[in-house]
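Take a look at the structures below.
You will see chain A twice below: alongside chain B first, and alongside chain C after that.
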Partner chain A sequence: MVVEVLKGCKILRHDDRVTVAEVSPERAREIAKGLFNAGCYYSCGMGVDERPVNMRFAMYHVFNCEAERRHVILKLTTPTNELTLPSITPVIEGASWSEREAMDMLGIIFDGHPEPERLILPEDWPEGVYPLRKDFPYNKKLPPAKPKEGRKKPRPDIIEVPLGPYHPTLHEPEYFELYVKGDKIVDAKYRGFHIHRGMEKLAESRMTLNQVPFLAERICGICGCTHSTAYCQAVEDAAGIYVPERARYIRTIMLEIERLHSHLLWFGVACHLLGFDSGFMHLWRAREYIMDIAELITGNRKTYGINIIGGVRRDIPEKKKRKVLELLDLAEKDSREILDNVVKMGELKERMENVGVLPKKKGREIGVVGPVARASGIDTDVRRDHPYAAYGDLDFEVPVYKGEDVLSRFLVRYDETFQSFSMIKQALDNMPEGELINEDYEIPSFKLGLGVTEAPRGEDVHLVITWGENKVYRWHPRASTYNNLPAIPIMLRGNDIADAPIIIASIDPCFSCTDHVSIIDSENGRVLWRGSLEEGIRRVGNGKA
Partner chain B sequence: MIKRSLWVFHLNSGSCNGCDIEVLNMFAPRNDVERLGIKLVGSPRHADAIAFTGPITRECLPKVIDALTAVPDPKVVLAIGACACGGGIWYDTYSVIGGIKELYKILKEEYNIEPPATVFIPGCPPKPEAIIYGVALARGMLQKKQFAQVYVEPEESLEAEKSRLEALVREAKGTRHFLPKIAVRRV
Partner chain C sequence: MGRLKLISKALSIGKVTEKYPFAPIEVPEDYRGKPVIDGEKCIGCGACANACPPQAIQVYDDVERGVRVVHLFLGRCIFCARCQDVCPVGAIKLTKEFELATPDHDDLHQVVELKLVRCSKCGKPFDTYRHLIQVAENVPPWERELLLLCPECRMEKTSEWRLWGCRK
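Now for the complex of A and B:
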């Protein structure tokens, strides 16, 4: 199917996992539409400054094709000394953010983009400065420019309620603007990208190839291990590095431990947001066993630092394995008891049922991933569709619910939690003996690699272009929340304002993952916030309680 | 510094979440700091202390300054994690201000605000026990174990010793670590 769609394009790579094709700009929309109709959804896009190599800019669009279990990468290049490319957003809605990101960071102009505004750079960032171009030094600190004047007039019948950037229910600085009529949310706007730390630029300038896994781990403090795994897989894919079996199993165990801690954390936060603080306390008590396991294996409760290109850095010896199994049993018994009681509570069920609905069709168009997709009836899981690490050898089920609401997202995570317990046990039992790391490899120059993992929140995609001299030329991580966030305004519409915190939390948002590239924001976020932070907290805070 | 119950406002200035979940973890059953009178509050105006995480991104800076100045005096800042203490791995990138020391410089230069009392809790992320230790320091329950002093062995000639001390002081001042005063003592 995919091959038929790509007929007439120059195929740069075609194997059992990935197809890379160079597409001429005129045919870009037609081929993107063809891929979408063939059952592929838009996964991510990366803009690259390839001027040192061939005097062009390039845009890589990645599609995930579950039916054929492969990723399709379309490469578009600008004509020499030009900046224009056709936008594929008119046919693929999910590409909107990726293209705006490339506009901000590289200055590529996307022809026909419906909304060619700044997504990213802050209002005081000077015009015409593009941080990801190769001639921009990573540590250049620019003085603030004068922000653009003008703020659009609010409609008289609609009240704007700001939520954030510092809000009791958000533990990260993010800004939501809710438009409210009475108690109902009419529309919502997300303005994020407060946590842009210039990570991609840092990786390609100051860091070396084997330092980036530790940088990748700090994309997010909750799901860091899956980012470093995805980065290592991308480099291993580009250079064709063999990873020893035992290392694959240890990676799997750490990834599942991370999923457990992340899901139990989310259950706790969800209970807290629904006003059930006892649930929060008990779930976080059960979660401590998982943190102990992580500390036992890696030496740290979070940011494990276990992955490195070609393998892992620490072993799980027999003595530790027995202790891990003991702790795991305790954690499973505890969390099953608590979660079973939580699921049975009618009050919680009523707060979650038919709240924050995301229809399947809409979800597919945006390209939502992970538990959000599975709760809307989209059967997708990277661990099953594109097996990596040791997932191919393990026996597990992918829960799919058709409720499309917050309750379904809760139940998907509930099922996944117990699948994870079983997976860790299987991996510990079947772990083969052998090497931990393969250090015998050579990194080719200017080669594209793709690494994909299933984070607790959904599919993480890392694209790497290698460079000689122990460097990466370009590294683009795409976190799962990046794909899920555009769904929030759709989920919020028509709901009570009191339900806003739980709806936002229901995608398990991880803003620091999403903001790795971007800064913020648009016309008026700051002005509005200054005037009305306390008012906003009071209104929304009281509504919640 | 503060003797009674400490109410904490959690201020994330662009952290990766690692420190933030450990701050939340303090309030979970295992460490349960509410039994010590420590409480997380939703508004900076109710707080005595700020649990400060993150390297301060360019976008967050004005918002962080607003929140910080909204906390009434006397206040204590707990700088939690490597990023808050010194900017972390991204201390010099284009979109990061680089740690709380740089923030204090901006506060001093542009707003003429003296830096509040600060407890530095390094780690990536620090363990909840370490954060509780920092809180105990802030409340004056414990004595600091670290002093900003450099100890040196006496040299033979006074001139050589003097130049070496000067070099040491220069080096210490040049680091990005927080060393408020450098006193040199002869052992």
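Now for the complex of A and C:
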């Protein structure tokens, strides 16, 4: 029981969705461990510069307790004029990135963190400058500092294959260093955040409450609507804004349409990476119906711009609804036909079976979310566990597979796709009449709100602290890939280098970023191939380069 | 077997590639394309500039020339249609046009200039005629003389009224 674990803490909020507790730093590890043992996983962490309010820095750790259908937020505050907090990473591995992020951005020192290195800031960022502190102006430009010297020594029998781009298109471009022995990957290292865009700072300093949904939508090039929904839900949670029933249904419909287009896109990419390009072509043709539906309802193929605090901006009238149902039937028929054929192909199955294994226990420790978790036998889904929008009224199943490999991740998404078709139809049929937006609200000052959605890639968490004057004091979005990426090195170990692309793709990161690589032979330092990843591996593998 | 089935499927579907740009492409009725300001309708209230998330629309006063400038730069526009939502007179609309690539930077700017009213007391330009007319409809007749004053002079006037307890 969560409440028992929190005994003796100051409870700041306790309702049917969220519990917020202020924890004294000495007890932080004990309580975090207690929560983990009670079945919660680490969801995200947010550091806040609260000096203008109370002369302290604060760290909010969010735990997701599926069994009790609530989120638990632990608030840790530094003593006045001090910067030190105990790290909870030694007891919960999933907190590592969040704490390193707070170290980079706010200069909070986490005592006992096993890897207190930079995560987000680039190597040439000057020491002692913390961009998310309130006294740092958003438009300040700094001259680059000299990066620290001292790289690791190459190991003689191991070839290093850098796999990664500086390709600034999407949210999370990845850079992996693969350590290869023959054909097998022995280890992998990740370095990311090359295009951290400073959205939090921008939203805090220059934008108004109702402008941020459009910025949030641009966090991801594929699943943007889910971010804007999560942001709106966070503000609605903080201010206690009632969202009209019809608006909830329209949000649900748009979120499921987004999931469909995202999953069909992923199937296409997966087929392409496995060398089955006609499958890719067919799937993307089927996906085009979904894009047409989105364009019909919202006026744009991808950036729907449908959400605003208190409701939605566009209605789905009867005429459009009929057209949507028509297109949906075509898309369902087509994608079922294609996917059923794809799943039956033995060659594809063999490429995915027992590849990129993520054990359930390890997945839980890292806190993986979405299809990656569900393919490792972790039964989690925000839509069912913490119902938002109209998901509470819909009838759907959450597919869980125990294979722990790439094939299971494929099959989870396969099942989810058809669940989504059924959910959209249910929502369209049961959509109640009524208002679209509730504009009668007041925003309180300095109040914490939590918005959680299930993106196509897993749980998205948005934390908002409101401020008067139509502003946010702090906004912290956490995309699902943030929790899934640390699992990739574990998945990669022991696999063939030729399987690296599909393993990395199996968590469905924003993939166009991962496209450019150079494969280097460590013995003579010659560049064997520079170009797209899968092409390079094909060529180097065939000895053509 | 799956593969053969997909081949027959491909043959039955034929070409799906659109002929665009050699043939026009259809967009739905509510498409969010290029925003266009109707200079005849615009009252220069600045609601669009307040709502615009990327600050593509800016509204500022050119005091020397005595005009209010509504300046839309399409290079910053994200086509969210918030301006269309908040415009009180329907002067800005998103059209179905989406082919915005151009070799000329000037094609991306839309400027509407509206004449400013000078304050009847201090002579400072402060608001557009059109906005004042719009506002006047909602102001009771006995307060309309205040409309021709700039905000500072208006404050002075109302405090005078308060002080003397009547309109002088």
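We adopt the following convention: the second predicted complex is superposed on the first by the 502 of 545 C-alpha atoms of A that agree within 3 Å, B and C clash if a C-alpha of one lies under 4 Å from a C-alpha of the other, contacts with A are read in each partner's own complex, and residues count from 1 in each chain.
The definition used in the following text is that a residue touches a chain if its C-beta (ideal position, glycine included) is under 8 Å from a C-beta of that chain, and two chains touch if they have at least 3 such contacts.
Model, not experiment: these values are computed from the prediction.
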Between chain B (first) and chain C (second), which, if any, makes contact with A:Gly224: first, second, both or neither?
first
Touch test for A:Arg314: chain B only (first), chain C only (second), both, or neither?
second
Taking the superposition on A as described, I'd like to know which of chain B and chain C A:Leu202 touches: first, second, both or neither.
first
Please indicate which partner A:Leu215 is in contact with in the superposed arrangement: first for chain B, second for chain C, both, or neither.
both
Check the residue A:Tyr138 against both partner chains and state whether it touches chain B (first), chain C (second), both, or neither.
first
The chain contacting more residues of chain A, comparing chain B with chain C, is B
Counting only touches as set out at the top, which of chain B and chain C does A:Thr80 meet: first, second, both, neither?
neither
Tell me which partner A:Lys302 touches in the superposition: chain B (first), chain C (second), both or neither.
first
Chain A contact set shared between chain B and chain C covers 214-215, 218, 281-282, 285, 288, 303
Touching residues (chain side chain B, partner chain A) in the complex:
10-22, 24-25, 28-30, 42-45, 54-55, 57-60, 62-63, 66-67, 88-90, 92-96, 124-125, 127
Listed in rising order, chain C residues that touch chain A in their complex are 1-3, 5-7, 9-10, 13, 16, 27-28, 30-32, 50-54, 78-82, 85, 94
Residue ranges of chain A in contact with chain B within the complex
122, 124-125, 131, 136, 138-142, 165-168, 171-173, 193-199, 201-202, 214-215, 218-222, 224, 265, 268, 280-282, 284-285, 287-288, 291, 301-303, 510, 512, 519-521, 526, 529-530, 533-534, 537, 541
Chain A residues touching chain C in their complex are 207-208, 210-212, 214-215, 218, 278-279, 281-282, 285, 288, 295-296, 298-300, 303, 305, 313-314, 337-338, 340-342, 344-345
